[in-house]
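Given below, in the form of structure tokens, are the structures.
Next come two complexes built around chain A: one with chain B, the other with chain C.
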Partner chain A sequence: MIKRIKYIINVEVLGKLLLLIRSKLEKLRLKTKGKLKKSNIFGPPIISSAEMKNLMSQHYLKGMYTTKKVAWVTSGAPIEFLLALDYYLFYPENHAALCGARKLSTELIEDSEEGLYPQDICSYAKVNLGWILKNKDPISKLPKPDLILACTNICQTVLYWYQVLADIYKIPLIVIDTPFVYDTINNDQLMYVKRQLNDSIPIMEKVSGKGLSEKRLREVLSYSREAVALWLKILMTAKHRPSPISAFDTFIHMGPIVNLRGERRTVLYYQRLLSELEYRVKNNIGAIRNEEIRLLWDNLPIWFMLREISTFLAKMNTNIIAATFSYAWGELAHLIDENRPLDSISSIYSQVLLNRSPLSKFEVLKKLTKELEVDGIILHSNRSCKPYSLGQIDQRNCIVSELSLPAFLIEADQADSRDFNFNQANMRLEAFIEEIKERKWRSKAQ
Partner chain B sequence: MEIKGSIGIDIGSTTFKVIVLDSTKRIVYSKIMPTETVIVKQVNDLFSKELLEFKREEYRIIATGYGKEIIKIADRRFTEITCHLRGIFEEFRRSCTIVDIGGQDSKVIKCNQNGELVDFIMNDKCSAGTGRFLENIALRFNINISELGEIARNANIAQPISSTCTVFAESEIISLLSQGIRADEILKGLHLSLVKRIKSMVKSIGLEPPLILSGGVSLNPAIRELLGRELGVEPLVSVHPQFTAAYGAALLGLKKGN
Partner chain C sequence: MQVLSRRESIDKARSENKKIALVFPIYYPSALLRAFDIHPIEIWGADDVDLSLADMHIQSYTCSLGRILLAFVKDHRFRKDYDLVFVPHICDTFQQIGSLLIDFINIDKPIINFYMPKRSDELGISYCVSELKRIIGILENLTGNKFKMERLEQEIMIELKIDELMRKVYEKREYIPITDSEFYKLITAKTYLSALDFVETLNGILGMQVDKPREVLKKIFMSGIAAESAEIFDIINSYGAVVAFDDLAIAARRILNRSIQSTDALRRQSELILFTVPDAQKGSLVSDKIDWFKKEIGRTRVVGGIFYIMKFCEPEYFYYPQIRKHLLDMGVKTFIIEYELSRKMSRQNMVRVQSFLEGL
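And then the complex of A and B:
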């Protein structure tokens, strides 16, 4: 009861009010910034960012005081069952990304290494384990889990990482194993995943103390479908010249699709973001002031360098207009069908980008290159994410030979700043942009 | 107003190079000196003393190299890739593969018959593929860097070096010397290990002959010989290898639109 009262006071009353005021002030700041044209390289900021911050802050605040059962989940986990059972969901990967964007991740990584976790494992895992070992709260106090759900569709690391978590907290771990899709998914694979999902529902119900309502599951799934479809539309506004959005914006605005999909507020938020972007398209408002070069990004972002890289490129009139990483959260919208929840969930979560072959990933690159008319591709060879980085050298060669586009491989890490020296990489990046400009100049001259 | 010429400045991690061209692309001034700690002062001294005759309003200034951002008076800045390409193409006028082993990085640049960039690759993560590797070795053996290549070239065999890192290679050198292995054979082995790194870079973007060496390390005879042998081609060397980037920068200054 006391917990509930605390929740109402801190989240529903005080928290809501303070966050609302902060959001209004932030909106005002962004609007003024846009009107004053404070930056001569970036376009006016996206005003909806204030609302997105509010949404995410609310989510983290709720986590601090939640009275619900808490599930820690991997980013590609089939969370719709958990949401339908009224769990509070926490995504360690998103928390690690947030720590990275705020340049707080490397300290936690070093903490985990002090705890004898090896240097060569995923930096997201190390941020999370460092946080647990040292009990630090760089962003906010995080809720302890009652259940852990890991889906192997993004990598195998999560399997071991989440086993460690289950061992630390002595709580049930559900693993959904999704077979790798080399070509096209077959019925046996789908049945295998579906059976695991069926078997896991009683465990989720037992921990939550509630029974799964199919009606609620359908509702959650329909919100997921709407949010994913809207997200895809948001990303595709980048077709316009100048693109109203940058890949860096999408990395930030993907927070709700990762953390809050399946919720109505996410659908409403993306509707507003889309309408703002459509306004920008109509009025030719670009993410950067002078869009000369349009690039595509492959892999996760280098979270701790978002500002530095975007500014460096914008100064050269270059915008990374899209990323396969953001696109991965929108490309499967058509597979979601709330009228066939189990089949639909088995199918979508088995076919996420990281669970498909390098050839299939190359097809995505090809599709985006064509649809968004990009001038080149930057492939981030991400030390932490082996499944995403696998085959990138071949992909780079294919981009150059098959698509006749310049491609650039940048070696870094998603959250470990020790693995990236921008001063050394920027010369290559600059030469890459010079090469593209020269190509464009030549093709115009012909 | 018609410009009288162009000044190309290449501030590398080890050396500072300047070339002045007149409007007919003739070299009228050139200088190479070690890069000092306070580069701004070095640049100011240069312009206030030695380059006085080349008036600011009559000459375009193009900067390249790691220190290019420091040259505030530069009209434009280009990367070393673009400058090396321009410099080499002006000299050879053909499709080629350029290898530049610099103090801080190594570059392999592929150029087509029109002097356009086809592809490039750089080694910037590990010092074992750079000129710094040779500098460290010269220091370890107490040999002048200019003599290093000749000694290595004259050795009968190349002692295999297993370490792939400058720091660990040094430990290996000590271990080999303590086993009584000849210094020149160790030196040859070390040169070969550097050459093999460059070879894999060339192979990764594909060799478009001829292979043209640029940068100070191309003055090293052992590197030239071993690289030629490993890649099965006779490498060509620019007439002014250390000035290639500065020369290319100055040429870019003469180009209309820059």
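And then the complex of A and C:
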């Protein structure tokens, strides 16, 4: 009861009010920034960002005071069942990304290394384990889990990482093992995933103390479908020249699709974001002032360098207009069918980008390259993410030979800043952009 | 005691009209391959493999085993030695290499990928059976032979015999008067010998038993994928220490930890893979792995252990801090050492092992 009262005061009353005020002020700041700084290298900021921040802050605030059962989940996990059972969902990977973007991740990584986790494992896992070992809350107080759900569709690392979490917290772990799709998915694979999902429902119900309502599950799934479809439309506004959005914007605005898909507020938010972007398209408002070069990004972002890289490129009139990483959250929208929840969930979550072959990823690169008319591709060779990175060398070679596009492989990490030399990377990036400019100039001259 | 070399084993298999499968370690349906007269040979390194052949496709932050395997497969000089490549899905690295071999790297040999389920319960076994059925279809096409369930059952019986003998060999280890280096040379021959030749090897090892146990100052264990080189065993023995048990993927990790329950041959083959010693790669619980260590420590009375971890091998790293904590509570000291698979042990690692042994 006391917990509930605390929740109402801190979240529903004070939190909501303070976040609303902050959001209004932020909106005002963004609008003013857009009007005043005309000479800025960037276009006017996306005003909806304020609302997105509000949405995510509310989510984290709720986590601090939640009275619900808490589930920690991997980013590609089938969360619709948990949401339908009224769990509060926490994504350690998203939290690690947030720590990265605020340049707080490396300290937590070093904390995990003190706890004997070596440098060579995934930096997201280490941010999370560092946080647990040192009990630090750099962003906000995080809720302890009652249940953990890991889905191997993004990597095998989560299998080991979440087993360790389950051992630390001594709580139930549900593993959804999604066989890798080397070619096309077959019925045995789908049935295997479906049976695992089916078997996991009683565990989720037992921990939550509630029964799963099929009606509610369909509702959640329909919100997921709407949000994912809207997200795809949002990403595709980048087709326009100049692109109203950058890949860096999508990395930030994907927060709700990762953390809050399956919720009505996410659908409403993306509707508003889409209409703002459509307005920008109509009025030729670009993410950068002078879009001369359009690039595509492959792999996760280098979270601790978002601002530095985007500014450096914008100064060279270059915009990274899209990323395979953000696209991965929209490309399977057509597979979601709330009338066949189990089949549909098994199918979508088995076929996410990271659970498909390098050739399939190359096909995605090819598709985006054509649809978005990009001039080149930057592939982030990310030490932490082997399923995304191993394969990029051949993909890069095919981009150059088959698509006749320049492609650049940049070595870095998603959250560990220690081995990244920004000046060195800049020099190589600059040379890459110059090469593209020269190509464009030559093709115009012909 | 002599065993055939890899080369001799390949030649012998060829003379018996068997096909050779180059197999990526470590979990794969060996009995099924043998039921098709295919002789599986695991690759764990090569003397003169050119790693730059792998660097053309995968980044340097890939484990040395993955890089060696890819370089080996790409090297034309070795192509005549095998007829197909078999890649089990045991980690992200092998997943990507197995997929790259199909998608981008043409080596003119059939590539068979096998998805090992990451759970050992009924669902995992059922899925494993469906994977085996898929592979049977491929092997029938490849060999022109029809699959025979009785033949698979025969091969499984031999595998079970091997498992029984391996268990005995480890139980009687202190009564077998050979050095650790000699012992592991014999035990790891499992990775390339025919099943019957390996049965003979194990019987040979057991035949060496004496009445009195070896005199040792300290007993330790080794965990990891494989030993960096045989030199480590010489160092351990030179300090009066012996390896009393191991959790090496190349050696004891593939001994059954649960008994086979099924009667159906395909299920039995699946259980032979999934019921082995708990392992992160199979998604085993950390507590199961700890319990296994506790059981082995109770049996052997070791005082310390070396976690010999191949650099960049994620599955090996994750459970270590938890295991270490529990073993320390039992008074068993452990330490972690990183290495890259090669023929020579690094000087730095030699010194670290020596310091650890002195400190025990």
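FYI, the second predicted complex is superposed on the first by the 444 of 446 C-alpha atoms of A that agree within 3 Å, B and C clash if a C-alpha of one lies under 4 Å from a C-alpha of the other, contacts with A are read in each partner's own complex, and residues count from 1 in each chain.
The definition used in the following text is that contacts are C-beta pairs under 8 Å (C-beta built on N, C-alpha and C of every residue); 3 or more make two chains touch, one makes a residue touch a chain.
Note that this is a predicted model, so its numbers are computed, not measured.
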So, after the overlay on chain A, do chain B and chain C clash or fit? They fit
What is the contact status of A:Arg442 with respect to chain B (first) and chain C (second): first, second, both, or neither?
first
Where does A:Glu430 make contact in the superposed view: on chain B (first), on chain C (second), on both, or on neither?
first
With the two structures laid over each other on chain A, which partner does A:Ile121 touch: chain B (first), chain C (second), both, or neither?
second
Which partner does A:Gly130 contact after superposing on A: first (chain B), second (chain C), both, neither?
neither
Let me test your reading of the model: by the given contact rule, A:Pro242 touches which partner, first (chain B), second (chain C), both or neither?
neither
Partner with the higher number of touched chain A residues, chain C or chain B
C
Does the superposition put A:Gly100 against chain B (first), chain C (second), both, or neither?
neither
Who does A:Val400 touch here: chain B (first), chain C (second), both, or neither?
first
Thinking of the overlay built on chain A, is A:Tyr160 touched by chain B (first), by chain C (second), by both, or by neither?
second
Minimum C-alpha spacing, chains overlaid - chain B and chain C, in Å:
7
Shared contact residues on chain A - chain B and chain C:
393, 411
Which residues of chain C touch chain A in the complex?
56-59, 61-62, 89, 91-93, 95-100, 102-105, 113, 115, 117-119, 123-124, 126-127, 130-131, 134, 280-281, 283-287, 311-312, 314-315, 317-322, 324, 336, 338
Chain A partner, complex, touching residues on chain B are 66, 78-82, 105, 116-117, 119-120, 122, 124-125, 204
Could you please specify the touching residues of chain A with respect to chain C in the complex?
115-118, 120-122, 125, 152, 155-157, 159-161, 163-164, 166-168, 175, 177, 179-180, 182-183, 186, 188, 192, 195-196, 199, 357-359, 362, 381, 383, 386-387, 389-394, 398, 411
Which residues of chain A touch chain B in the complex?
393, 400, 411, 424-425, 427-428, 430-431, 434-435, 438-439, 442
